[in-house]
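One structure coming up, written as structure tokens, with questions to follow.
Letters A, B, C and D mark the chains as written, and numbering starts fresh at 1 in each.
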Amino acid sequence: MTNGAGAGLTVRGLSVSYGRVRAVRDVSFRVPAGGSLGIVGANGAGKSSTLKAIFRQVEASAEAIEFGGADLRSTPPHRVIDLGIGYVPEGRRVFPGLTVRKNLLMGAYRRRWRSVGDGLARVHDLFPALARFDSALAGGLSGGQQQMLAIGRALMSDPRLLVLDEPSMGLAPVLIAEIARTLQVLRRQGMGILLVEQNAKLTFTLTDRCVVLENGEVVREGASEELRDDPDVRRIYLGI
Amino acid sequence: MIRVGLGKPALLAVLFALPVFLDLYKAHVAVLIMLYAIVAIGLCLVMGLGGQVNLAQAAFFGTGAYASAILTATYGWNPWLAAPAAILAACAVALVVGLPALRVQSHYLGIVSLGLAVAFASVLTNATLTGGASGITRIPPLPAPGIDLTDEYNYYYLVLVVLAGVTALALFVSGTTLGRRLRAMRDDSLAAAAVGIEIPQYRLMAFVLAGLLGGVAGVLYAHLVRYVSPDTFGLGVMFLLLAMVIIGGRDSVWGVLVAAALLVAARDLLIGLQTYQQLVYGALMVGTVVFAPRGLAGVASAVRRRLPFPWPSVPVPLPWRRSAEPGPAPPAPSPRRPPQAGGPAIAVAGVSKRFRGVLALDGVSLEVAAGEIHGIIGPNGSGKTTLFNVVSGIYQPSGGRVLLHGRDVTGRRAHELSRAGVARTFQNLRLFHRLTVLENVLVALDRDPAYAHARYLLGPWSVLRRERRDRARALALLRDLGLDGAADELAVNLPYGLQRRLEIARALAAEPSVVLLDEPAAGLTAGEQDALAEVIRRIRGAGATVLVIEHNMALVMGVCERITVLAHGRVIAAGRPAEVAHDANVVEAYLGSETAREEAV
Amino acid sequence: MIGLAQTIVGGLSMGAVYALVAMGFAIVYRTIGLVNFAHADVVMIGAYVTVTFYLTARLPFGVSLALAVGLTAVMGLAMERVLRPLEGRDLDLMLIGTIGFGIVLESVAILVWGSFGTAVPTPIPNVPLHVGGVIVTTYQLLVVAVSAVVMVVLFLFLDRTRLGTAMQAAAMDRVAATAMGVDVGAANALAFAIGSAIAAVAGALVGPLLYVSPGMGASIGIKGFAAAILGGFGSIPGAIVGGLIFGLIEAFSSGPLSAYADLITFVVFALAMMVRQTGIFGERTGDRA
Amino acid sequence: MRRFEWTAALAAAAMVLLAGCGGQLAGGGGGTSSAPIVVDLIGTFSGQNADLGSWAWNGVKLAIDGANAKGGVNGRKITLQKYDDQGQPTVGTDLAQRAISDRATMVYGSDLSTVSLAMIPTLTSAKIPQITSGQAPAILAQGSSFIFLDSTTSAVFDQTLADYLVQKQHITSIAMVSNNDAYGKGEHDSFLAELTKLAVTPTVDKVVTPDQKDFTSVLTEVRATNPKALFIGAEEVETGLIAKQARSLGITATFTGGAPMGTPTYLQTAGADVAEGTIMTSPYLDNDANAKTRAFAAAYRKAYGQDPELHGAKAYDGMNVFIAAMRKAQPDLGGQRLVDAVRAIEYDGLLGHFKYDERGLGLHATQIGTIKAGKVTPI
């Protein structure tokens, strides 16, 4: 199955279970090359487990997990980045004891030495704050700054698809707006975006299509425009 | 009435008949085996049961031996007078080595205790009182009317009797409330505090028990060999004791006995090849830790489970074992009536909690009426669990006040709040995994304070009586929650849903007036969620007040009478479920705000 | 006053050795989270290998040290393979598993080199220099100098090189480092090799100061381990400061009451741990309940 | 519950049982039958002082092989069993029990005074004669009639040494460093007693422990008094370490002490340059002192491929005294008869003339030697 669609990310029949608890049941979705997809759902719906399965951080079974023709199921966890997927983990997970600059350099760990310079320049103009705090320890940054650093670090590997896990968590609304603006800029530059978020309204504005998860299963899927006004979404979130 | 395998009486018979076959030297080695076994059982109690990494056990053994040597050989005391003093000295040293355990644990405690053991050995080598490097000679034998205790064989029987007593004591402790609390503390000291166990007292008690046994063996050693020198209590012996406990199976008294016999006998057989003997038990330690972490005891129980061999066994009436006959079922522990009706069961006024600059709770206030089921919801990172930890005493608030039934309990510790009637479950299931289902409930059900263990000395039979009564009440509670089928199963082996229910059973066992449930529905199937709702209603029906944190909106909206919504550490809404679900702030907190849309276009 | 200075000099030279041992502990702990009690015996093996090249094969000390460091590093890689099942297990098992492994190393050393042990002449003429009334021997200076060089090289490797930064990242957050493409398994093995290599240097340096014997690991190991914890377990600067402080405590406590040096040293250490569980540079894992 | 463990415990007990029976059969008889005479050698074969064990074994075996070649003790061969006490007194007491159950005719052991002291009560109560290469006066003070020294005691050593230093060399500024095990204490007390008799007080008198390795703080105090001579009371390796560290701290005093300083181990540990000029007292200074020592040295070199030294010679003499006593007391070699025979005979050995008194001392004189160009030479 290597038709044109091969360029994007294809996930089919993905299931994840921790011991006897089934966190994700038979989830399938596609992120076309340069396209964007949101995965939303209440807490504990299986959003993060889905991403952890793609990045081989948890045991999972799936009919297919492919990106740009490569089968992720047989790729060792520390080589997924080579395929061109940038990862912004849940809770940011910057390296607290390293400086901002070194965190960014770690993002380019798998890149040739030459291209690191222009990668840094690109991140600095996207996030000017990171240039100002260049030699500060990442652990000392505020929540918002750490989130920007996590995104910058992912961009340093010059990915074709950027995957973000709950970037808005714990951030004040004004910071969420700034991160939304950055993602818009990246999308305009042709970067593929896979956004996993509890904040449904935000996700509907940033992605073309969305998938809604509840108890580990896909309960709704469609264009973000339609889902934004769908009364069912509120029921899924608030139970009544 | 339980069925006792033929093994126990057969082994005792063999041990009594053994000396007849042994020549003088073998008898001497057999006595050494038993002495090391007594010290190793002490280490088994403090490390296997209590979970304290104590690498100074050899120093307690040495204190017992040197104290009796100094008192008898240097100061001429009568050995029977010197013995209790020496044992007391060993307990005192154990207490001192135990003090750091109140502040540091695991490998930190390991290195601190090892350092103190090295210091002890160097004091023995240097002090003139202890006879410097050549030690103390001419220690008098134990005088006994009519029995010549300088004779190896008589001494063998003396030590055998003491060993039998020590083993009985160890089994008695590990099978009853003191041992259960030690093991609970070992499995999860945070959860143990939450069910009312005073952690500091129990850590020191574990060390004193180890000191007691070390002292007893030390006294017997001094009067057997009648010579003590520093090298007997150095690092070599410490690692031998450690090997016995690890290879034997850390919390199994029998495993330690078997390992002691095997290791010392091996040391004697390989006497000529000193280096190979050291290589053998070093390799045994690594192999055990990597391949059989539960040691011989673990292997034995695994083999027994796989090989249902019909061991010959004989019925023996034993009062306190689980009685088969259905006696009059005592009532399941019912939640205590709150002291006075009317006032709110829980009142939180302006509570805030700061973690290194991050404000997890910012002026939270809420009231929960007595007998109410109150839900707390909010997106991730909103401070829900932090609030629970403040109300249950795990965290002390940075500001504001917490009232329980009108009484101010701000800043009180977890075990104090547990005694005051607060019981809780944990978000990520903190069961005592190496205790059985029944024992998990028993630990919470037993409300006695630490000093009640004086009963072990004053009235052991009363301990058995209370044990029987508590077991019956625990069984009744398990039957109520449909868990009695798995009573003797280790908590770790239960399916996830049953583990969740066991945690609730453990909370109820403490007859709480207030029950805090932290995400009880996480990972449950739809059927299990309905059963949970029913259990929550039954808890409230029995008179307790219930506070629930939950993400599963269906459950929260169905069960809770009132709800408080938290976001970014602040209360953004409160009221009946229907009102709250339609509140604009709540919708925005969950679904996100519209504002992002205008700017994004 | 002279006595005070003399004690400090003595303390610093032994302190430098304890710092090296502590650094070995710290590197292995921070990357793999393994409390490697056998590290003390790696120091002993390093000392013996150096002595074998230096005395038996008559190679110059510098060459012997280099060969010993290389060989012990390779042994470190093999050890990491053997102890890998212990990584991340509960700490009691890890502690006892590595103690058992230490005993195995000790008995192997006895089988290979005999239990007798050997005195080692100082590689350079050990001339006592009078510096303002205080005696400093040339070998003591060599010990402190070589330790300082090792500390600087290690710091530069961790701080300036790509691989060093990746190792630090792996130590701070295994999942994030893997996502950035760091092979954490290989990084841990390398950390073990570096830890063992530093242990070999410590062993080689302490040989002439004291006496090379299969049992030498125990006392140096315990003090090196305690120094690492005093400085803040897992922190390299902490290990260096902890080692020097430990050397000084030992030197001062063996002044007037030399008989009770160990007692004073370890009681001071126990009190320090009770006051500040995480040591000077703080590693936040102390027990909170 | 855990029934399987019972069976494992049963198996363990059975194993000890079998080992027991095994022990039962192997025991030799001390009595008058033609069964071989059992001699147990308990020595230090591992740890820092492991040399002492092998030297004692070489000397004793050489004497026994010589006797067996000439028909043993009127037809009864002597068998020698080797046990390693690891230099630890506790292991010594266990091995003493072993010798009793072996029904040994005599015990040669141990090399360290501390270990020998620990074994005396057990062996004496079992009436098994014991000869030790320990020199501590405390051994003789035990008041046992079953203990014998194979050379002389620290008292004799140190009287000879102190007289030589003070009266012949006119050295009166002497510092003392000794360890606190039985041997070290014996050397310290004897040497100090002799100095006080000669109205000399040591410039400084420091005590260290047997397994100590770092002597900087103690030697710093010694250096402050700038002594002419430094008396060291410790075993071979420790003496060597103290000497080496003393020189590295700038102490120029002449090293002096007892028998340990006459051994190759001291020379190798301290280094030939540090040991140069050491003055020591020892009853056996070099191999070509007389015809008897040359013959012994040749036999020793043929058997073991290395030159003998004091400890090998002591063991050879001690065993030969007992062989002579056995020939006199046979056929009944019971403990009491054997010790009476040892006290009855006189024996001219490598170390000098042996005549045992009630307390167990046989040799009453020693010589003074010094180290020149790495070689022990009598003065």
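Criterion: a contact is a pair of C-beta atoms (placed from the backbone, for glycine too) under 8 Å apart; a residue touches a chain by one contact, two chains touch by 3 or more.
Since the model is a prediction, treat every value here as computed from it, not as a measurement.
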A-C or A-B - the one linked by more C-beta pairs in contact: A-B
Computed distance of Cα centres, chain C from chain A, in Å: 43
Approximate Å spacing (C-alpha centroids) for the pair chain B, chain C: 35
Centre distance in Å when chain A and chain D are each reduced to the mean of their C-alpha atoms: 78
Junction residues of chain C - those touching two or more other chains: 110, 115, 259
Overlap residues in chain B, where contacts from two or more other chains coincide: 122, 126, 274-275
Chain-chain contacts as defined at top: A-B, A-C, B-C, B-D, C-D
Residues on chain D engaged by chain B in the complex (per definition of touch): 2-10, 12-17, 19-21, 23-24, 27, 45-46, 82-84, 86, 88-90, 93-94, 97-98, 100-102, 113-114, 117-118, 121, 125, 138, 179-182, 184-185, 209-211
Residues of chain C defined as touching chain D within the complex: 3, 6-7, 10, 14, 110, 114-119, 121-122, 126, 128, 130, 135, 137, 139, 209-211, 213, 215-216, 251, 254-255, 258-259
Complex contact set, residues of chain A against chain B: 18-21, 42-44, 166, 168-170, 173, 176-177, 180-181, 184, 197-203, 205-206, 233-234, 237-240
Touch list for chain A against partner chain C, complex: 55, 57, 76-82, 87, 89, 93-98, 102, 105-107, 109-110, 153, 157
Chain A contact footprint on chain C (complex, rising order): 162, 165-166, 168-169, 172-173, 175-184
